[in-house]
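Below: a set of structures, written as structure tokens.
Look for chain A in each of the two complexes below; its partner is chain B in the first and chain C in the second.
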Partner chain A sequence: MSKNQRLAAVSSGLLILITLTPVASQLTSTMRGHVLLQIPLLVAVGIGFGRSLAPHLVRFLNRWNAMGIPGILITIFTIAFWMIPRWIDASLTNTSVEWIKHSSLVLLGGIPLALSWERLYPVARGAVKIEFLSMLFRLGWLYLISPDRFCNSYLLEDQIWLGWGMIIIGMALTLTWLVPVFFGEYAPAETGHSSPKNPNEAPNAA
Partner chain B sequence: MTTSTPSPLTGSARAGILTYMGISALVYVLMMSLGLVMRLTQATWLDLPPNLFYEVMTAHGAGMVGISGLAGSGVIWYFLRRYVDLSTGILWANLTFFLTGVVLILGGIFLGGYAGGWTFLFPLPAKGLGAWGVPGAASFLIGLLLIGVGFLLLYLDFARAIIAKYGSLGNSLGWPQLFGGSTDESPPAAVIAATMVLIVNIAGILAGAVVLVLILVNLFMPEFALDPLLTKNLTYFFGHVFINATIYQAVVAVYEILPEYTKRPWKVNKVFLAAWTASTVMVMAVYPHHLLLDFAMPTWALVMGQIFSYLGGFPILVVTGWGALTIVHRSGIEWDMAARLLFLSIFGWCVGVVPAVIDGTIAVNQVMHNTMWVPGHFHMYLIVGLVAMLFGFMYYLSNQSKRTGIDKVAFWLYLVAGVAFSFGFLTSGMNSIPRRWAVHLPEWVSFSQSSSAIAAVVALAALVFALRFLTSLKHARTT
Partner chain C sequence: MNGSSTIATIVILAIGLSALTVGTNGWSTWTAEAARRQAVVERPRPLPAYQLLDSRGESLTLAQSERDLTVVDLIYTQCPTVCLAMGAQFRQLQSELATAGLLERVELLSVTFDPANDDQSTLSDYLRRFGAVEPHWRAARFQDNDELAASLTDLGVIVIPEQSMGFVHNAAYYLIENGRVIEIFDIEARTDLFEAIRARLAT
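Up next, the complex of A and B:
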């Protein structure tokens, strides 16, 4: 079994686990499990599928994905859509919406992200990361101060948990992304002036 | 020890830098004129309605901060591209975002009536009390957001280019030489400064991006009640870091031009490296000195604000001041306009921080913070420090730095009037005259009248500098 096939198999297994087994209802039983676990895992499944696509298919899709911009925009709008509370609610009460959620987050969230990320200009990758962080902090703050429930299906207390979860994840991601920027996956230990193998090859900016 | 190796500017890069600095020169004169209008109003020599006064005050503040950011980034881009491969497209993208943001800000102020100050302190944007409504405040805040996006792209490009060459930001701050015992040559001063600036400004813009959007949410949905203290912390973290970083960008002109003039390298030693690393941290930690009057702030944060107010700028100021003195001492430097203005700017920076340090003392702050003492600090710091630095760079860039008679007159007028104007604010503050008041008591009017006359001289001298630059663009440097 090739590496791509293994990745596709693992992604398929994860997809079945979080959508078809009792784990799915466990995840969606709380707002934090739904938003902070199931949705990111569905995107991760899509990333897995995207990375295991056959090269000729990737080349074909890349023809419509100049510099990765169309793909990343599809990902951003898909994830933003599933941040809308009424659709979170709808996915819990309407099976069709639930399946649309599963399929869209995999097909329009994760796969375009996998196909686009490396093609994006490093500055655009940095901008996406910064905007993602600021969105986590904004939403986290909003969830904490909202006087009402955003979702009918979840309690206010659960919403507050979600708010704190977003802020904590935002802080953790900030630290995770800062460490290589400061200490460098490209940095040789002994010298301050060494360049990466190809100085014109732009690394991750932020 | 480092020397730059100027390479030719591409046509687009040269046009970009000239556009940055040309716009900056014009806007500085325009904003100084708005400042003069405010002083004339307080002097009762001009009958400006109070609502218009506060609109002018908001435009003056936002304009000065924004244009200082633009001009400072132009200076550092010009020198940084000598060492790393920067994107000219992003230089232009930043300008496009900036100008779009400016249109929205001006629309918010002069069409929408927003007059809550450039610091948009919560809940002011939502409390126009009839003077402005949601559209004006929203336009102002969205304009700021757009400007932030542009600068974010620019600093991310700095990060990309620096990491591509040096491997990490730690390397480009000289940490291997500072902490690791590396004997390799340190990165150039311009790279170190750019690294510091991108770190603090990306952090600041992230905070700004959060708080601006949350205030916008509150504007349209007041039921989302923000914590005013948290909002104020984030606002000042963003605002203070941004304006503070302008001088750390512009100072690269000192590091690059004085060595070129004196034929002596600017020495990047361990003290220099330590100073920039220390200030990287302290610039981000000093902002609580804006909140010393907020009794609900944790005591440790206020103490930190005071301590870092004392320490924050000093490391870089000391190494830069000392470096500038030693590099010109017996160097036979030709004191043309660029050299003079750059040297003056170091003086302005040094004296400009003194009132800030005094106001950063909690006991003093509780009495002085809402007086004109504070504008005294930042006018000294900006007029005699930052803006002198930027005009010095413009003379250098325009390649017309030889002094003419009008230059000599303008330089001395700018120096004397700039210092006198700032002292006008400081003495007003010492006499408990409040800041941000459109109408002054009769006892205060004489201060404003003398300041108005002096402000006119400052603006006139700046107009000479600006015109000298704008009429010399065709002679501007090509490397």
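Up next, the complex of A and C:
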């Protein structure tokens, strides 16, 4: 079994686990499990599939994905859509919406992310990270302070849990992402001018 | 950026923005609760003629009423939190309607979604506790659990059983005219509800 096949197999296994087995209802039984585990895992499954695509398919898709911009936009829109409380609720009460959620997060959330991330310019990558962090903090703060429930299917207490979860994850990611900016490869060199290690990263997707 | 990627970007932006716009009814409806309230106003649906029994043993249905308007709130009598507030608000509404001389034309109806615990006498106690003036304010229960479940689904009510608090539900007031829900109000929006009733009855 090649490395790609192994990755595809693991991703398929994870997908089945989090959508078809009792684990799925366990994850979606709480708002925090739904938003902080199931949705990110579905995107992760997509990343796994994206990284195991055949090279000729990747080459074909890359023609439509200059600098990774179209691809990352698909991912951003998809994730943004599934952050709307109305559709989180709907995925719990309507089976078709649930299936659309599962398939779109894998196909439109994860796969384009895998195909685009390495191709983005570092500045664009930074912008996506900043936007992702601010989404976590904005939503987390909103969930913490709101006296109203955003999802009819979840308790207010659960929503506050989710708020804390988002803020803690946001802080952890801020540290992981910002520390290298100041002290790592982008830090000013001793000579006084900044020199990213590899300013023109070769666009490779797999 | 090459030509095909530019086209892809434009198409993706168009589809993505449309999806978000449609998915939020034009950036206005972010929650399922708002969506169900909006749907009720835009497409009022007839309520099914399921039989309910009130605390005095009289039967009634949500599909028909002798009065011009009916205001329904969903309750369960053991509720420690939000239903207490709703009961108090209903009492206020009752006295506002009486002062305005409209009480005879409006039916206030508290329907329990916990018929296992709320029988006729429990419902009478509930009415007495909040100073309900019968027959203007009645409390009723569904005869059939499936019909109750179907009605809750129809109205978009989701009840979550919860250990320490009994049940949590998206509480609201339902304004019903001719067997159709015409508007849904927040439990804090008693004043708006009263104004809506007055406007309806004035015409």
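Definition applied: the second predicted complex is superposed on the first by the 179 of 206 C-alpha atoms of A that agree within 3 Å, B and C clash if a C-alpha of one lies under 4 Å from a C-alpha of the other, contacts with A are read in each partner's own complex, and residues count from 1 in each chain.
The rule we apply is simple: a contact is a pair of C-beta atoms (placed from the backbone, for glycine too) under 8 Å apart; a residue touches a chain by one contact, two chains touch by 3 or more.
Just so it is clear, the model here is predicted, and its values are computed rather than measured.
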{"item": "Touching partner for A:S134 - first (chain B), second (chain C), both, neither", "value": "first"}
{"item": "Touching partner for A:F183 - first (chain B), second (chain C), both, neither", "value": "first"}
{"item": "Residue contacts with chain A in the superposition, chain B compared against chain C", "value": "B"}
{"item": "Touching partner for A:R86 - first (chain B), second (chain C), both, neither", "value": "second"}
{"item": "Chain B versus chain C as contact partner of A:Q5, first or second or both or neither", "value": "neither"}
{"item": "Chain B versus chain C as contact partner of A:G126, first or second or both or neither", "value": "first"}
{"item": "Which of chain B and chain C A:S146 touches, first, second, both or neither", "value": "first"}
{"item": "First, second, both or neither for A:T21, with chain B first and chain C second", "value": "neither"}
{"item": "Partner chain in contact with A:S29 - chain B first, chain C second, else both or neither", "value": "neither"}
{"item": "Complex contact set, residues of chain A against chain C", "value": "63-67, 69-70, 73-74, 76-77, 80-81, 84-87, 89-90, 93, 149-156"}
{"item": "Chain A partner contacts - residues on chain C that touch it in the complex", "value": "1-2, 4-6, 8-9, 12-13, 15-17, 19-20, 23-24, 29-35, 156, 158, 160, 162, 168, 170"}
{"item": "Interfacial residue positions of chain A with respect to chain B in the complex", "value": "122-123, 126-127, 130-131, 133-134, 137-138, 141-142, 145-148, 180-184, 186-196, 199-206"}
{"item": "Residues of chain B defined as touching chain A within the complex", "value": "85, 87, 90, 149, 152-153, 156-157, 159-161, 163-172, 174-177, 180, 182, 184-187, 202, 205-206, 209-210, 213-214, 217, 223-227"}
